[in-house]
Each structure stands twice: as structure tokens, then as C-alpha cells.
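This report refers to the structure that appears directly beneath it.
Going by the order they are written in, the chains are A, B, C, D, E and F; count residues from 1 in each one.
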Amino acid sequence: MELWLTSLITETPQEGYELAIKMARMGVKYTQPDAEIRDKLRPKYANDPDSLTMASQVVAINFQTVAAANNYWK
Amino acid sequence: MELWLTSLITETPQEGYELAIKMARMGVKYTQPDAEIRDKLRPKYANDPDSLTMASQVVAINFQTVAAANNYWK
Amino acid sequence: MELWLTSLITETPQEGYELAIKMARMGVKYTQPDAEIRDKLRPKYANDPDSLTMASQVVAINFQTVAAANNYWK
Amino acid sequence: MELWLTSLITETPQEGYELAIKMARMGVKYTQPDAEIRDKLRPKYANDPDSLTMASQVVAINFQTVAAANNYWK
Amino acid sequence: MELWLTSLITETPQEGYELAIKMARMGVKYTQPDAEIRDKLRPKYANDPDSLTMASQVVAINFQTVAAANNYWK
Amino acid sequence: MELWLTSLITETPQEGYELAIKMARMGVKYTQPDAEIRDKLRPKYANDPDSLTMASQVVAINFQTVAAANNYWK
């Protein structure tokens, strides 16, 4: 896997949230490394409300980690 | 994505809870940026009790982060 | 939304647990504000064991926050 | 609801785990207060492996809270 | 229930992870105490990828508790 | 089980994330030790978007533990 996570520190909460999204997506990529397959799956979950909620939940869990790492940007 | 998360600090617990809701919805929006599609999906999950419970759970996870950031408004 | 969450501090663990229940329900209410629809959905999830377990889980997550806010009532 | 949660402090980790089980069950009871209905639902989830895993998960989340309250019985 | 959880302290991270597995299984056992039934359910979830992921998740949650109790074996 | 988890400390966040993946997979392996069966299940969950999201979630939970153990690599 290429280098993609060098630090949990971000300048702003929003950048931290976007890092949490990246982490959620990388969790998928490690399990399904084939980009073509991931692209084919996208319409399915992007149009299923429960799939979208589940995706938002993984981001929320990763954001807890990023926010703690940044001392909540205080 | 527009600027939407500049701080985790809120004046009251309820504002913090509402920020957690916003974060949960933004998690969906990053995955499904098309507002029209999101609006079409709304009736489906807003009338499914398990979908509503799942949505409440994502808020609960985000609220943990917001509450910690605000030192629980103590 | 009316004012409903002014503090995470409660006198006893049980009141804290009941606040966590309130928070879980408010998470649903923000997504489905129509009380009549929520009432219609109630029999469905109140008679489904997995729905009940999921509801208990959201309470457990909210209770983590409330308990931390109250320093575990020590 | 009767008084059932007066303290998160227990003498041993196992008592703490059993309190976490009690908390998980009370989360169900608040949503479905009818004991007869809960008894009828029991065979369904007690024979479904995923339901049992979900139940164990709610206990795990509550145990995190109880363990922290007891400073991990150190 | 027999005595099974006397301490969260383990000598190594791996022993801690294995304690977390034990805790996840005990969560199931408290809900379904009949060993024969649990054995019958095993093939079902041991051959279902989502059931296996859910089981791994409960272990992950319990491991958070065990790792904190051991100060992360630092 | 062979020795596989001797420390939660890693040099970089990405190595920590990859350890979290390893932990998630070991959680599966303890429940389903037969590598041939696990290989047969792989195509099923690697092509199901919700299964992939669930897998990413278990990684996220384990990463919380690893990140805390490493003091967030600060």
C-alpha cells in the first residue's frame, strides 16, 4: 500500500473530518483493492439510505480518533 | 466541499447535540453529494424504525466527540 | 426544536441512564419530527428483538457520554 | 420505572460485567415494558447467532462505562 | 454463572486480546446459556462473512476496555 | 494460536492503521480458524458494499485503541 497516513494532526476540525473520511475509505480499500470493483459498488450504497448511514458512522468513529489526536483543536 | 466545521465548541449541550446531527448528515453528504438523491431517500429511512435508530446512533457517536471537546459543558 | 438538553449533569446514575434514553429518542425525533409517524412505527420495533437491541445500544453509547460528564457519579 | 441503578461501582470485574448485562436489558425494558412480550421475543433472538452477537456488543459498550467508573478495578 | 472474570490485567497484548474474545463469548453465553444450542448456531455464523465481522467488532470493543485497563501494556 | 500481537506500539500512524487491520482479521480468524473457508468467504464480502463498510468500521474501532496506545504519534 502506498504511503497515505503520515500524521493525525490537521489544521482545522473540517480537515480532521475529511481525514476521517479518507481513513474510512482506506479501510474499504485494504479489503477490496480493486478500484474498478469499488467503483461498480458505489451506486449501490450511494443510493441506499442505510448504507449511507453506516458510512457516516465509520467516519464518526474515525473522527473521534482524529479529534482526540488534535486535542479537539482547542 | 464548502466550509462547514470551524469549531467543535458550542455554547450549550443542545447546540452540541445539534452539531453532532450536522456532522452525521455531512457524513452522508460526502458520500452522496447529490441533494436531489438524498431528498428522494429521505422518506425511506424516515419511515423505517431501524433506519431511525441507526441515524440516532451516528449522532450519539458524534456527540461523544463534541461533548469531550466542550469538557461536557462543565 | 424546543429546548430539551440544558445539562448532562444528573443526580444519580439512573437519572443519567434515563437522560441517555431521552437523547436516543431525540436523535430519532430530529430525523422524523412527525409524532404521529413515530407512534405508528413503535409497534414494529417494540416487537422486534433486534430493533430493541439496537435501541439499547444507542442508549449505551449516550450513557457513556453522560457518565463521563458526571465523572461516573463518584 | 423502579429504582435499579444506584451506582456503577462493583466489587469485581465480573460483577461489573453482570451490571453491564443488566444495563443492556434495561435498555430493552424501557422501550418494551411489557414482560410478556419480551419473554415471547426471547426464543427468537436466543437462537439467532447475529442477535446474540449484537446483544454481546451492547454489553461490551456498557462494560466500557462500568470499567471506567471502577478505574478498571486496579 | 461460574467465576470467569477476576481481573482485566494480562501479561501481554495478545493475552488481552484473547481475554476480549472470552468476554465477547461470555456475552453470548449469558443470553444463551445452553451450550448445545450455541454449538448448533456455530456453523451458521462461522460461515457467514458478516457474522464474522460482527464477532470481530465485539472483540474490538472489549479489547478497548482491556487495553485501557493495562495502560496499553506500556 | 501463534504469537501475533506483542505490542501496540508502531512507528507511524499508517503502521498503526495496518496493525488495526491485522487485529480485525485476527478477530475473524479466532472464530473461523479454517483458512480455506475464510478464503471462500472473501469474494462474498469483498463485493458487498455494506460488508466492506462493516469491515472498515472494525478497523476504525481497533485503530482507536492503537492510536491511544501510541499517544496519537505525537
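Everything below uses one rule, namely that a contact is a pair of C-beta atoms (placed from the backbone, for glycine too) under 8 Å apart; a residue touches a chain by one contact, two chains touch by 3 or more.
This structure is a prediction, so every number in the text was calculated from the model and none was measured.
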*Labels of chains that are neighbours to chain A and to chain F*: none
*Looking at CA centres, what chain is most distant from chain C?*
F
_Validating interface symmetry: for the copies chain D and chain E, is the fraction of residue numbers used by both over half? Same or different._
different
*asked:* Suppose each chain is reduced to the average of its Cα coordinates; what separation in Å results between chain E and chain F?
replied: 15
*Distance between the centres, which are taken as Cα means, of chain E and chain C, whole angstrom*: 27
*Listing for chain C: what residues touch at least two other chains?*
45, 50, 54-55, 57, 61, 64, 68
*Should the pattern of chain-chain touching be classed as line, ring, star, complete or other?*
ring
*Starting at chain B, then chain C, how do the chains run round the ring?*
B, C, D, E, F, A
*Contacting residues of chain B [partner chain C, same complex]*: 12-14, 17-18, 21, 45-50, 52-57, 59-61, 63-64, 67-68, 72-74
*Within the complex, which stretch of chain A touches chain F?*
1, 3-9, 23-28, 30-32, 37, 41-42, 44-45, 50-51, 54-55, 57-58, 61-62, 64-65, 68-69
